[in-house]
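The following pair of complexes shares a single chain, chain A, combined with chain B in the former and chain C in the latter.
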Partner chain A sequence: MHHNGSPNRILVIGGGFSGLTAGIEAAETGAEVIIVEKNPYLGGRVAQLNKYFPKICPPLCGLEINYRRIKVNPNITFYTMAQVDSISGVSGDYNVKIKIKPRYVNENCTACNACAEVCPAERDSDFNFGLNKTKAIYLPFEQSFPLRYVLDRTACPKDCSAPCVAACKYNAIDLNMQEQIIEVKVNSIVVATGWKPYDAAKIDNLGFGKVKNVITNMMLERMASTNGPTEGQIIRTSDGKPVEKVAFVQCAGSRDENHLPFCSYICCLASLKHTLYIKEQNPDAEVFIYYIDIRTPGRYEKFLNQVLEKGGVNLIKGKVAAIEQDADSDDVIVTAEDILSGTKIKQKVDMVVLATGMQPEGLEFKVPGLKYAVDGFVIDADGIYSAGCAKNPMDVAGCGKDSTGAALKAIQIGVRR
Partner chain B sequence: MEKKIGLYICKGCGIGDVVNTEKIVNIAKNALRVPVVAESDVLCSKEGVDLIKKDIAEQGVNSIVIAGCSPRVKTEEFNFPGCFVERVPVRELAIWTIETDEEKQLAAEDYIKMGVIKAQKADIPEPYVIEIVKNVLVVGGGVSGMTAALEVANCGYEVVLVEKESELGGFARKLYKKVPTDDYSKGVLADVNLEPLINNVTTHPKIKVYTSSRIEKIDGQPGDFDVTISKNGSSETIKIGAIIQATGWKPYDAKKLAKKYGYGKFKDVVTNFEFEEIAKNNNGVIKRPSDQRVVTSVLFIQCAGQRDSEHIPYCSGMCCTTSLKQARYVTDGNPDAAAMIIYKDMRTPGKLEYYYKEAQNTPGVMLAKGEVTAIREEYDKLIVTVEDSLLGQKTDIETEMVVLATGMVPTTKEPQDYLIGLSQAAAKGDEEKAKYLETTKKPEFILNLGYRQGPELPFLEGGFGFVDSNFICFQYETRRTGIYAIGPVRQPMNMTEAQEDARGAALKAIQCIEHVAKGIAVHPRAWDTSFPEPNLTKCTACKRCTEECPFGAIDEDEKGIPFYKPNRCRRCGTCMGACPERIVAFKDYNVDMLGTMMKNVSVPSEDDKPRIIVLCCENDAFPATETAALKRLKLDPAVRFIQLRCLGSMNLVWIADALSRGVDGMLLLGCKFGENYQCHFAKGSELAKYRLGKVQETLDRLQLESDRVQMFELAIDEYWRVPQIINEFMDKIREIGPNPFKGF
Partner chain C sequence: MDKPVRPDLQFAKEIIKAGGESLKKCYQCSTCTVVCSLAPEDNPFPRKEMLYAQWGLKEKLYKNPDIWLCHHCGDCTAYCPRGAKPGEVLGAVRKLMIKDYSPPKFLANWVADPKYLLLIFLIPILLFMGELFLLGYFSGTEIPRGDNGEMAYSAFLPAVPWIDLPFMAVAGFAVICFYLGVKKYWLDLASQYEIKRKDIYNCIYETIKDILLHKKFQLCTTNKSRYSAHILVLYAFIGLGITTGIAAFYEWVLHWKSPYPQTNIVKIIGNISGIALIVGIFLVIVNRSKNAAKQGIGSYFDWLLIFIIAGVGVTGFLAQLLRLAEIETLGYASYVAHLVFVFTLFTYAPHSKMAHMVYRATAMVFAKAALREEGVKKQEAA
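Here is the complex of A and B:
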């Protein structure tokens, strides 16, 4: 796939599922690939998931294969804690500046944990959506790649004597590490910047942040994970009580002109998957899913049936009007309109899960030099191809397919030259 | 090139504090005869790495054993191109998981010995390179197939496109209008515009099109397929590098909906496909079939024969959007017209929601959730009864015409159904099989693969006729290397999705060709240049390898002698595990190597010190174990872990040998199997379980308890289960007592 002996070079912005797929597939087809990831680890959003629907299999399994493909492939370079600072030039000949934030931990790190043992400070775990804390110097998660610690300097106490530095036998901690700018030349760019959960606090009537035991679907995902804040136990955040009745509010922020106007594709399937998590821990648990339309397209219909067969799963076509705290307990009262019967329902539950949608990263954070639609999705140009959820809300399978296709379009730019 | 082994022992991360490395250096030098042995305080430091580099340069070391940490860290530091590198995770498996210093020492010795033996037994593979062709065959000339063909050709590769009809275009040819790809503010109906695409294909210098043609036969392997194409009674065989199947779908047979929706009984009940034809033939004017009158009211019934266990159990994904589009055929330009859509759930995922919004804002388009329970005819109108809807509990709606939103059936379904029937009949005996062949009409096959394991792409269990794919992480991972299925043969999808799918498959096809050109495996071992080399002189033609290979990589002659097709191979080693004669070997992975490693695991002579060997999958169960180590979970010191490429490569001889040497138990940790299998080689762990069923015989012969060998399914994220599984197993082993062969 080389042209006139010069390599076909592709920049992939985003090292989540789509970015890794695009990057690895392109590199295994002969291109030179640079992956830029803003987190301190690769894997993106899926690394935070407990299981994938419909197979209920762990995302880390596929990531492990991809990490190995990266390790053995000299065509791939990746930068974590990095963001694109600017893009100039034209299709076939882009100049890109990449800003790399200091990790304060260099390649000498052996992941031995001696630093974290002595670290006196804590920070909210962003990986676990603030549901627990990590030390200021921490490993993002057990199977993160690269397996290297990272220091959150904002969490360091002002007068800290930096015992981490003394504890590290390998000179891996460098408190003077500076931000770096590097420049690369590429033929084409794949934009795989993905999504973040819509901020549920913006939805006034759903009580997030105000009513106890109202959480988001991604928080539940972390709770259900063994490496999560509750070691896999799905319990109430207020009092640690195991849940017996759970309500899911679909389209929390999606399909709503005031929030996200599109459908986020995955939330129906995610809530069904979460129902399985809950039923696995408590087969007698009862689940209420308030929805507009149940969207399990294609072969996913089988998954819907599989979940419904479990029993105790109530699908209610209806709009949730209010979520309030029970007067005498930490329970939550959901008020909804059952559209089919036209009646008003009040349901008391232990916990409410808001099926918040995918906000494309581009809605709030735009990569300089790229074009975006008003809804935050990337607009492609010659030599610039969006992939996965930067382009359209989609499931992981769809991202795999789409980003493999984006890799092809990117490769064609280098061939055409 | 002469092999020269260098063993490098790291003393960092606490290893040097407890492990007597000097003792191990002596074992390596004297007992194992390793020519170059060195220790380092911090092997991953510049000094440590330089030491190795110096030995490579000056002493000709080319086979490196690094005893230190797991390759989850320090991959860049310990990367020595052109050398065999074996990482022995002493830190994880000895220091972090074992409690006593004495046991840590024993474990370190065992693991380092095994690492050295692995290096001694491994040869650097010479890739399998044959003369290949770098072109792609696309089967099916619809939008998916044409897109794939163009994308491949635009990367500079030759394409052969085979279409069974006389013209290209496939189903899109029948469309009046299509849904615009993205922006609906400029209009909700777009021209299909098929001609430019067809032109691009037919005039592309790198694409050769065969219309009115079929695939008669496909033999060979990636890079070297022999494809026979028949056209008008004559046939031609051409060499092909990789294959894309884009044969699309057929509408569900609406005659089966006669009872439910009066299809066939009422002339004005048509399918969405027929409705599209009506629109196309009359240039957008909707005339109903019974009297050719232009209609002003049409009712669409969604999920007609879909999401229905008696018909199609799945959702076709595209029908909601199609009906929203077709509703506009009725209302466009006619303010008095009404199109009503009765749906179960309106499914317009992602940005298609905007299309739904546009419809909701279109006068004349009405949408209601409901269940259609009856259709009857009154005079020249149809009366549709809708229940459980927003319109009330039971409502009759009058309409001039009814459109059934029927779904898509993959073209692969018919051959699949036939083949499933055949294998079921064959399982009952030759007589049943003969009867089946005689009485069942054979459908037209599509690929006609000359593979021992069957003429078409494998299908998913309960997959409704769609072809196999691992479905989530690796969309194009079929069980037939170099053959990629796209579009609605893989899963229901709309035209835009099918085109995206085509691009992905185009890349994979090219990638496959480039890999086989260099003799490298394709996914997932996309770095591996080893391949199975059977010593056929000792083959007994038992056919186990040809039957068990998950990728159909091995054909056989009439006598059952196998023919290995390395370019079809994914290097899992299932054939090596299957072979009772142990004649299949990879240069750097074979029965002898693993067996010798196991033989060198220490077996304590004391009765109260059991020894257990754990064979585990290197991608899932082993990383789970390493994670347990990272979490400092403690494991019984009796265990010794050995990684396998896949549990499918587990050969029963290892179990027999280990147990007869006095090893007290063998534990197998593999991926989940069954319908939602997680094995990256599809069937590896399942086959290991199957073989284990036969180990009973061996154990009986040795007069050993069957519980000494057990298998567990372990996913990569279940690291917390590792100590649990091992403890339970150890309890069992201690209960059974020591292996009587101990000390012999």
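Here is the complex of A and C:
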């Protein structure tokens, strides 16, 4: 409660790790927080990771803790499948319109899966980057929060007899649900819109989508996750063969004026982490990491050495700039100049992982009323504070700290009035 | 132990000034080397050249055929993540290399700097104006007409001595400059690389075949239309060379004076080549403009040659049309302009971009002799 009696209200745009942190930290000081998330679940990119830095542990317990903090805190309201439509007003007194898309499943849902069992239609799983399919009515992932199914009407044929409605014993499916617009008044705004993986198909010389067994680092995260499309098995997408030789292509679209001009911070570490995933499943696997510079910011240098100790990890200075299919197998051939020896080398591998970078959501999708830098990162304004990867590429630990800081700045706006 | 590397920052600055402004943006990722279809597997270019250029290692750049094995496809520039434009940087290095190899140096400075543009053209303009003055055309002498009473440039400016003398002089001068330059270049290359093949004549033959078939240009991917534009200009020049040869034969052996009938073989070859030259150079201009963002627009040095070649083609053709139409003053003016352009083309050939023809061919022969092209051959075969 604020000193003059009116509540200190904060809007948090984005319900990923940064948004959750900022929102919960603020709410735990007594502020009223509204979290707006465009996905049907909270947790964002972190929810898609198999393991995360710095402890290389599964992120789900970290997320669980945050979900629990939300559940027990009456100061937090969150909207999933929601987007900010407009922001007007001034610092201390913002008027925000929020558009909430219909989920077609209400809070009666118990996640019993009866609807999905009878659903005749399928869609590509966006959570798993198209590596598998879900039914048109689906649970995004096992630990989704809120634990509630969602219906993708675009994947559901118009003449569908909707057997799901009949199969649901709880009257949870409501096909008449409409888009809603709500208006809220807030004192300040935290922008935690995060990032998405850079579209690897745009890097036309790296063969993604054209050459078999070329995947992205985030696809590998899903593959390595036990709740993922291969139940944790790192195998080739083309024939299910377990991988023995894997090439990692660093800076795939990062530090590149033709794509993302900045360093995405985490990709070198991610590839080293992925090397551990691969080595865990097959200690004899050979890994080739092609880099411009191996970047292990701050104390992460130690992690590089830990991974190198595993053996069979080849670091090659030279960016991969050509990827082709082997003429008579599903193998992939990568070409780079091994700069230290000055030779153009071709390496045949089972699978190639493109270490694609972080494209700030703001590059393609801008929240009306916010200011953005040319590369899509959010520019802070009076009463509007960016947090996490909406501001700058960073690791999850960095996002946590940055979001706590943003929360404090947001709280001050309401208190200072 | 290796000798310590001594950077020559002055030379690095010269490269930057010569059109390699983007040089320092390179962060040595070697995307360029991989996307380059012309680079050999062993010690490929242009990544190492970018490093040499940043350090100003002139010897490393010059005493290596690689700067000329690059045909400026622009694939490297298109894919460069830093906008360092390796293609443009190598172009700048080649420009400086021409200056350092073709004597005399002052001529190279003239063609490299826009402030000498007027001077370059003033020399032939004064030369031919002087000839017209000596012939008395400025003091009322009537311009003679051909044997059949038609407008004839051979009557206006008889080949002997007014055309053949100055042109043979400048051609001879160019040949001497080229000879000295190529000799120095070959010795420098041979000081660094072992010549592994003894059949130099075969190397020359293979190089000529590569050039005539434009084998290297075919490997470019970003700018495919460059191949057709460049090959058109090359064949136009070959055609115009043949035309000049036949015309010389008519003039000197048969004592048959121009103009020749439009149906004569010399006119047919000449006209086809002339049109090819105009179309080819037009395509060069269009390509360069169209691909400017991806490939780089090129430097003044490049554009001067393009301008001279376009000038040769357009004035030559115009002079013919005006002669056929009997439009005297304009016709004679076009003819003189044509002579001026051809004169600049010849005189500055060893120092202008035109020299690429000779130095690149030398580098290609050397590369074959030193077995530098292994690995690229495989790609050609594919």
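Everything that follows uses one rule, which is that the second predicted complex is superposed on the first by the 415 of 417 C-alpha atoms of A that agree within 3 Å, B and C clash if a C-alpha of one lies under 4 Å from a C-alpha of the other, contacts with A are read in each partner's own complex, and residues count from 1 in each chain.
Assume a residue touches a chain if its C-beta (ideal position, glycine included) is under 8 Å from a C-beta of that chain, and two chains touch if they have at least 3 such contacts.
Keep in mind it's a predicted model, so treat the numbers as computed, not measured.
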Exercise. Touch check for A:371: first (chain B), second (chain C), both, or neither?
Worked result: neither
Exercise. Now for A:210: first (chain B), second (chain C), both, or neither, which partner does it touch?
Worked result: neither
Problem set entry | Touching partner for A:255 - first (chain B), second (chain C), both, neither | both
For this session: Report for A:318: first if it touches chain B alone, second if chain C alone, otherwise both or neither.
Result: second
Exercise. Can A:339 be said to touch chain B (first), chain C (second), both, or neither?
Worked result: both
Exercise. More residues of chain A are touched by which chain, chain B or chain C?
Worked result: B
For this session: Answer with first, second, both or neither: which of chain B and chain C does A:296 touch in the superposed model?
Result: first
Exercise. Between chain B and chain C, which residues of chain A are contacted by each of them?
Worked result: 255, 339
Exercise. What does chain A use to touch chain C in their complex?
Worked result: 205, 251, 255-259, 292, 318-322, 335-337, 339, 342-344
Seminar exercise, completed: chain C contacts chain A in the complex at 27-35, 39-44, 47-48, 79-83, 375
For this session: Would you tell me which residues of chain B are touching chain A in their complex?
Result: 12-14, 42, 44-45, 69, 71-77, 81, 151, 154-156, 307, 313-317, 345-354, 357, 369, 388-390, 462-464, 466, 471-476, 491-493, 497, 500-508, 510-511, 514-515, 523-524, 526-527, 619-620, 623, 627, 630-631, 671-672, 676, 678, 680, 715-720
Exercise. Once bound in the complex, which stretches of chain A touch chain B?
Worked result: 1, 17, 25-26, 28-30, 50, 52, 54-62, 64-66, 68-69, 71-74, 107-112, 142-143, 145-148, 169-170, 225-227, 255, 261-265, 293-302, 305, 317, 339-340, 375, 377, 392-394, 396-398, 400-409, 411-412, 415-416
